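Let me give you the structure first, and then I'll get to my questions.
As written, the chain order gives the labels A, B, C and D, with residue 1 at the start of each chain.
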Amino acid sequence: MSFDLLKIRKDFPILDQKVNGKALVYLDNAATSQRPVQVIERMNEFSLKTNGNIHRATHTFANKTTEAFEQAREIVRSYLNATESAEVIFTSGTTESINLVAHSFGDAFIHEGDEVIVTEMEHHANIVPWQMMCERKGAKLKVIPFNEKGELSMDALDSLITGKTKIIAVTHVSNVLGTLNPIATIIEKAHLKNIPVLIDGAQGAPHFQIDVQALDCDFYTFSGHKIYGPTGIGVLYGKRKWLDQMPPFLGGGEMIDRVTFGKTTFNEIPYKFEAGTPNYVGAIGLGAAIEYIQSHDHSVVLKHEQNLLQFATKKLKTINGLTIYGEASKKAGVLSFNIEGIHPFDLGTLLDQLGIAVRTGRLCADPVMDHFSVENMVRSSFSFYNTLEEVEVFYQALIRLKTMF
Amino acid sequence: MSFDLLKIRKDFPILDQKVNGKALVYLDNAATSQRPVQVIERMNEFSLKTNGNIHRATHTFANKTTEAFEQAREIVRSYLNATESAEVIFTSGTTESINLVAHSFGDAFIHEGDEVIVTEMEHHANIVPWQMMCERKGAKLKVIPFNEKGELSMDALDSLITGKTKIIAVTHVSNVLGTLNPIATIIEKAHLKNIPVLIDGAQGAPHFQIDVQALDCDFYTFSGHKIYGPTGIGVLYGKRKWLDQMPPFLGGGEMIDRVTFGKTTFNEIPYKFEAGTPNYVGAIGLGAAIEYIQSHDHSVVLKHEQNLLQFATKKLKTINGLTIYGEASKKAGVLSFNIEGIHPFDLGTLLDQLGIAVRTGRLCADPVMDHFSVENMVRSSFSFYNTLEEVEVFYQALIRLKTMF
Amino acid sequence: MTIDEIQQEIIDDFAGFEDWMDKYSLLIELGNEMAPIDVQYKVDENLIRGCQSRVWLHQEYLDGTITFEAESDALIVKGLVALLLKIYSGRTPHEILASEPRFIDEIGLRQHLSPTRSNGLLAMVKQMKLYALAYEKISTKNN
Amino acid sequence: MTIDEIQQEIIDDFAGFEDWMDKYSLLIELGNEMAPIDVQYKVDENLIRGCQSRVWLHQEYLDGTITFEAESDALIVKGLVALLLKIYSGRTPHEILASEPRFIDEIGLRQHLSPTRSNGLLAMVKQMKLYALAYEKISTKNN
């Protein structure tokens, strides 16, 4: 348990590069984080030394791979403090996780006239699956608005919940505003009315410690590639009581018990929801990523990330004509903004010339753009491997580029 | 274009190992193939040097990654000889590909009373999604049987097709029987009645050259991990005319055009079907795998694989009490069997002690087990990196182990 | 003999074999010699379904001890089942709950009890313990 | 001047700049100086939607040549749009179809025309060519 930034950056050789002749400053962590060599090495080791398809095998490679895969599940279980590893389902990412719940929970529990609540600050991944499901089912989607600071209105939540509300889906951390939502409170309020809550943890799991038992959340989802792990792997945590009642989503191998053309019976969780060959190398890589995270003192990491955010906020606020979107009292390291008279695309293009990687555009959150009546934003997002010096370079770059317009 | 087995095996260092003290003989290729170092290196290079989330970005890494991802799509397009790369959709694997079609084609085109035709030799991945869809829609699943040699009955096909048949789903190569099905004929027959055909190419794409235009198939699916590529990536090829008419399957980022809570509009193909962050590193790896395949003379590779199959078949037939399942006139390198009085699990366990990896069990094909009235089988499956000597070792092992019972 | 003594006996029996083939031959022999489960008990309710091999388990509780009958369709599994019955059948619930089948690990066949193996063996051990737990509860209640 | 001569002129203009900042400053200047598209044409039907920047394109065909008007909300894109109009507007369909905007590559801004960039530029070029193709067909038919 230590926090030595220089040592940490050695684990991420990608950071030590020049881009367009300038030292890379990678501030697009909310889009995808970088992977430490430990993750890559773990996956390589498997692919090059013990690769076998998992489950049902009698040979050594297949058994070793199965063990490693199930151990990765156990690592995730422990990271989330889930009751049992059967509650941890491997998916291809947050998007698939949420679609799985929208389909499967929807099929089991949502009927015409029922209601689903999301928030105005959701990523499209936590809107569109519910919209599509509501359309199929004749249900209604209701929306918790946020205020100018980017904080959800708890009053609105109270008045949106009705006897017809069947599920509430809320992001842990907004990928645009950075807002760390009061999910414990939301879950508590929902549970008073026996309504389950899904937390989109794509931006939460990489930065905050999660205890799904303490939170008592019903579903929690996140993506490997945003938590220092590989692409193509993600997690759906779900309480057994729901997962047991939900019908399978995808059909295929592994999720079945017995197939005949007349009647097919299904396997138990987690396998019921893991049709086909899972991304077992990805899962093993995700396990390595979580172990990597856990090798650092979380409170120190979090403090550093908060320092980066605060320093960046303070600096950027001094820039004339710069508007920050999202100033909630509790935030993760996400800082979105616009500079008057400069199109985000132009700014992003020019920052890239200076080696600085930020995201620009609509950030997969059209309703947030609409809320602020803007077409696009620039988003910088920080990870624990970023340095205060990088934030300073970023700030100086903005000052310099501003003179070009 | 060359075929030097010793050189090829150097590309697969995993093969050059001892398992349980014996030289590994990997004959579980139909479950998952091994990956050449070229694939691993290509992915590592990306992860460690240029990783950025794809699409909509202004920074260099994101652009380079996007280009590599789209180039992988073009490699797949060219491998399948599809008309345009927009017809190539990246999924997490064959299972997801088939589920996507079952859901989305099903929603658009299948109504109560309609019929879907599959075959008796399908993998569960090409049965269960259709069963689930038929149940949702009130449609009927009909089955083309196979004869004792493991060949589909074309007569039965003719009589199964009715005015209500909406789609036919057939495996290119059976994962149990090895049968190379006459898919061109099936497609021709189906198209006479304007019925689209989906080909499950999980076992076909790794071994046979595919020309989706010449075949005129409507959908073709395969998995990365069975074609020397990574896990967690797969392909759905679909004709534009179908894909354009099909509603999206998963909802989320990238697949949308514009999201509002009132109404969401969708992106064009292929993006319409690629919700969320795709497994872009996996896709890049799959591209490298296909380029690797293409670096060899296909006819020589195919001939070698056929030699392995024929040699193995000839040898195993001399073993008393051994029954081979599947002796179609056209087969891929898959050889399933049982030895009288020896449980497949026992045989698999003991073969593993001798360093030989085979698959045993129900092979995700319960209907095939039922056809032959067996509970399990032993399956050996060959890839071009296997040698005749390995087949000989396998044969000798069977002889030796037989004496233990 | 206690469960532990029998386990030790088994471990010693196997210790003589250097070659894995001999070990497995003995298991196969044990499997072959084993009395089959009474047909009336070879029914679906008694089936513990592993993915590859199946195990049927029947139990009877009499005078404070549990008698198990079992069978598997795979011989190696059946041999291990025979050994498990040897140590666990005819024991009190308390004895069963208090001991782990460590012999499997010690004779070098640990992999057969791995949860990822799904040959039915691990599930069978769990099932035996569940029965023991149930009967222990019943008997303390009755006392 | 031919399209090619104008392209060469542009390439020469940019050749003077070693520094990327100067290059982009010029583009921004060109963007700023550009006459806005007539408001009546800044409508959804004329919108070419890139993911990040939008381009509006309007065209008119008169006496054998096509006149383009265009605009983008991003200045760098607008600058490039200005250059594209400079070479393509007022040309015959044949001229438009016969030439590629190679200058973008040669002034070192190739990435802006990449299909993965989705800033609307590539789509705009495609759209201009489509118009040219359509008008060419009409004119050959009328002759």
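As a convention for this text, contacts are C-beta pairs under 8 Å (C-beta built on N, C-alpha and C of every residue); 3 or more make two chains touch, one makes a residue touch a chain.
Just so it is clear, the structure is predicted and the values come from calculations on it, not from any experiment.
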Task = Return the chain pair with more inter-chain C-beta contacts, choosing between A-C and B-C.
result = B-C
Query = Distance from the CA centroid of chain A to that of chain C, rounded to the nearest Å?
reply = 45
Key: Separation of chain A from chain D, taking each centre as the mean of its C-alpha atoms, in whole Å   = 39
Ask   = When the C-alpha atoms of chain C and chain D are each averaged to a single point, how far apart are the two points in Å?
value = 79
Inquiry  = Residues touching two or more other chains, restricted to chain C: which are they?
reply    = 51-52
Key: Sequence positions of chain A contacting 2 or more other chains   = 20, 56, 58, 345, 348-349, 360-362
Key: Each pair of chains that touches, named by its two labels   = A-B, A-C, A-D, B-C, B-D
Ask   = Which bits of chain C are touching chain B when the two form their complex?
value = 20-21, 24-25, 28, 51-54, 73-77, 119
Ask   = Considering the complex alone, what residue numbers of chain B touch chain D?
value = 54-56, 58, 63, 66-67, 70, 257
Contact footprint of chain B on chain D as seen in their complex = 49, 51-52, 111, 114-118
Request  = Sort out for me which residues of chain B touch chain C in the complex.
outcome  = 20, 342-346, 348-350, 353, 360-362, 375-376, 404-405
Ask   = Which bits of chain B are touching chain A when the two form their complex?
value = 13-14, 17, 19-20, 26, 28, 31-32, 34-35, 37, 40, 44, 47-53, 56-62, 92-96, 98-99, 102, 123-125, 127-129, 131-132, 141, 143, 223, 225, 230-233, 248, 250-256, 258-261, 264, 275-282, 345, 348-349, 351-352, 356-362, 364, 366-367, 370
